[in-house]
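Right, I'll just put the structure down here and ask away after.
Per-chain residue numbering starts at 1, and chain names A, B and C are given in the order in which the chains are listed.
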């Protein structure tokens, strides 16, 4: 989640409330070591392995027809999932942040559900609903519609897993802004849509942007849920993470890491956007008031 | 435009913000809603604006029932306590907002809007700020922009919520006079909320004093100050000294008077002497003197009861008497007031 | 009618309706389908499936490894949050940004990277295996993967609370004669306790359901390094849909309980630190 305050520099502290330099140094070293082992090293391994056999091999691994198909499917899936969850997220945030109503906290909890549910279970629910053995399986096969083990199932599972992200980013931002500017707009004669597009949206644009970016990263990288509904039809229902798994299990380590590096780039880009957004927000909150 | 508020009540959960409040805002007047926080004054203002809906009661705007009218159709200008300026818009865009969202309905072109807004900004001498963003303005400038934005749509009433609340003392004074002047120039019906009695008494034509969701008194500043309806109004409008019942002057007891009524007097209505002047004179000892500016403030301790009294004298008068800290003297309260005792300070 | 406080902001009915409809279609109906599928089993059959030794072993591993991962994060996450909010050092901004990496990085990518790191020829494996510490294909490996994916939760829940902590409160403790350790233990820790526990519970919940980062490093040895989500996948591959649904239902119950706990924790910390947050007009 976006935390505006996090960009703030640690304040200089008085002698009385600071640790001795030795203690401070030790704490910093331990923290950095932990970060190095668990965060920096895995990232280095991904890129190191991906380029282990040179740039030419890297490019060739990505240009494989199966890999290109996986990239294409990932892009389409992410686009669909992000669009659906964007519309939902904006409306849900508007409902929850701007109004008090019966069942509001239940709704907030329900939106959080996918965070707590195992991705494997998230995929399974769609197999049980739309699969050959599923509740709607008979009807679907009678009408020759394939959802599970086909791209629609992958989109559905991805939508399920990435469902809360836009809403979760927007709700706190909208709540923090309060209703005054909207009230001012309405007293000045603006309609509901004018108020939303001209006042609310510009105010939450940074939070919305990060919501979209993190939703996209998670959509492109989703593994557990997608692997349940995909059925691994090569060149047809494999996304990038699934292609990584296939290559890795087939001992094509370098190619697997080449595909993985695409997603690692995406992750880094996501973190960069997050930092930019936080920087913007902290600047705005410093300017305002 | 006149506004009639009739028997309006409003609750928030278990908290009763307004109880059966009725009030008439006269066309063209500048009315202050004055009261401590939690007295319901802001709620009343927001109900008039249509930002809150009353649980019961009705609103009459210029003879027409406006209770169910939507906020955007009420033709009311509202100035929010924290201004609620659109942060992502320049001063110009903020002021133009109301006109531009109603552009089609009003049949205005963009150029006409630009000209109108430009004229208005020039009128209030803020045209040089047109391209600034709210974050680049001082508090006083933001307040002015908020007011000009509300005026741009030519409302029939302007409502201001604690318009000077967030400003420092010097800017407050300037802005008060600016608003009073603006009001006199354009003769708009205006209602403002404040918790500062000086502000209400200085700026408003009439003052409505509110407490715990009810109206205590309505009147001109002189009326409410000189003839307070009850103890709450009296104590809210200025500092007060209490004379306990048995020491109150004989014969002046109110009708409920079994001799135990408390009497009140303002610090500037206490006269100080070296010698006893009358039967009613009260012996005191001066315990503290603060002589800053033209007024000298004294803290006096009653020799008989030990109660503390506050007195205000002009510097000249204090020099004449010349009582220093620790010296004894006498006070005579002028203008003692009695209230029925169902109020407590 | 929808029970709602009146507001002049428009759009409640359409926005609420769409939200509820979407939540129902995407979330609630599919979850109901799962529970109904599990319900097609008779009680004895259901218990036989979810209580079979291999499945129970997977719960044990999932619970213990998640607990270990969340525990490691509670300790190191708190330390990192402390270091990030209190000290200036070169690269602080970058470290701060990196904390969210496990959140943004696909789990499969993390899985193969960790496996490679800890393999006998990997960067860390080469150093650890001579010491007798084997990580890959052991429960320890599962714990390592779950530590990775849970890292952001403790840091990000504790960090804002540490930042909000008034320096004056610590100075007051110091001026009243408390040692630095006493101040930390008796003033700082109690104030961050609710958010710390919340972060721990979030990391634990996330770890319980995790799949992608674990399957590569665990080796998936039945009864030994097999986590619960993997059991579901195995049952699916054997076309045992009802069995998969039964195990999934058990996991779902765990998820709900944890979500409940997390909500209670958040409610507790909100109540503790934001008294009188109720809206009340002047």
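Criterion: contacts are C-beta pairs under 8 Å (C-beta built on N, C-alpha and C of every residue); 3 or more make two chains touch, one makes a residue touch a chain.
The structure displayed is predicted, hence computed values, not measured ones.
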Overall pattern in which the protein chains touch one another (line/ring/star/complete/other): complete
Chain whose mean Cα position lies farthest from chain C: B
Chain centre separation (chain B, chain C; CA means) in Å: 54
Distance between the centres, which are taken as Cα means, of chain C and chain A, whole angstrom: 16
Residues of chain A engaged with two or more neighbouring chains: 183, 186, 191
Touching two or more other chains - residue numbers and ranges from chain C: 8
Chain B: positions in contact with at least two other chains: 50-51, 71
Chain B contact footprint on chain C (complex, rising order): 6, 8, 278-282
In the complex with chain A, residue positions of chain C that touch it: 2-5, 7-12, 14-16, 18-20, 22-23, 26-31, 33-34, 36-37, 76, 79-80, 82-89, 92-93, 95-110, 112-114, 116-117, 122-124, 147-148, 151, 156, 159-160, 163-164, 167, 170-171, 174-175, 180, 183, 205-206, 208-212, 216, 228-230, 232-233, 236, 239, 241, 244-245, 248, 251-252, 255-256, 258-259, 262-263
In the complex with chain C, residue positions of chain B that touch it: 12-13, 15, 17, 37-43, 46, 50-53, 70-71, 162, 193, 195
Residues of chain A that touch chain B when the two form their complex: 180-181, 183-191, 194, 198-199, 202-203, 284, 287-289
Complex contacts: residues of chain B adjacent to chain A: 49-51, 71-74, 76-78, 80, 82, 84-88, 97-98, 101-102, 133-136, 149-150, 153
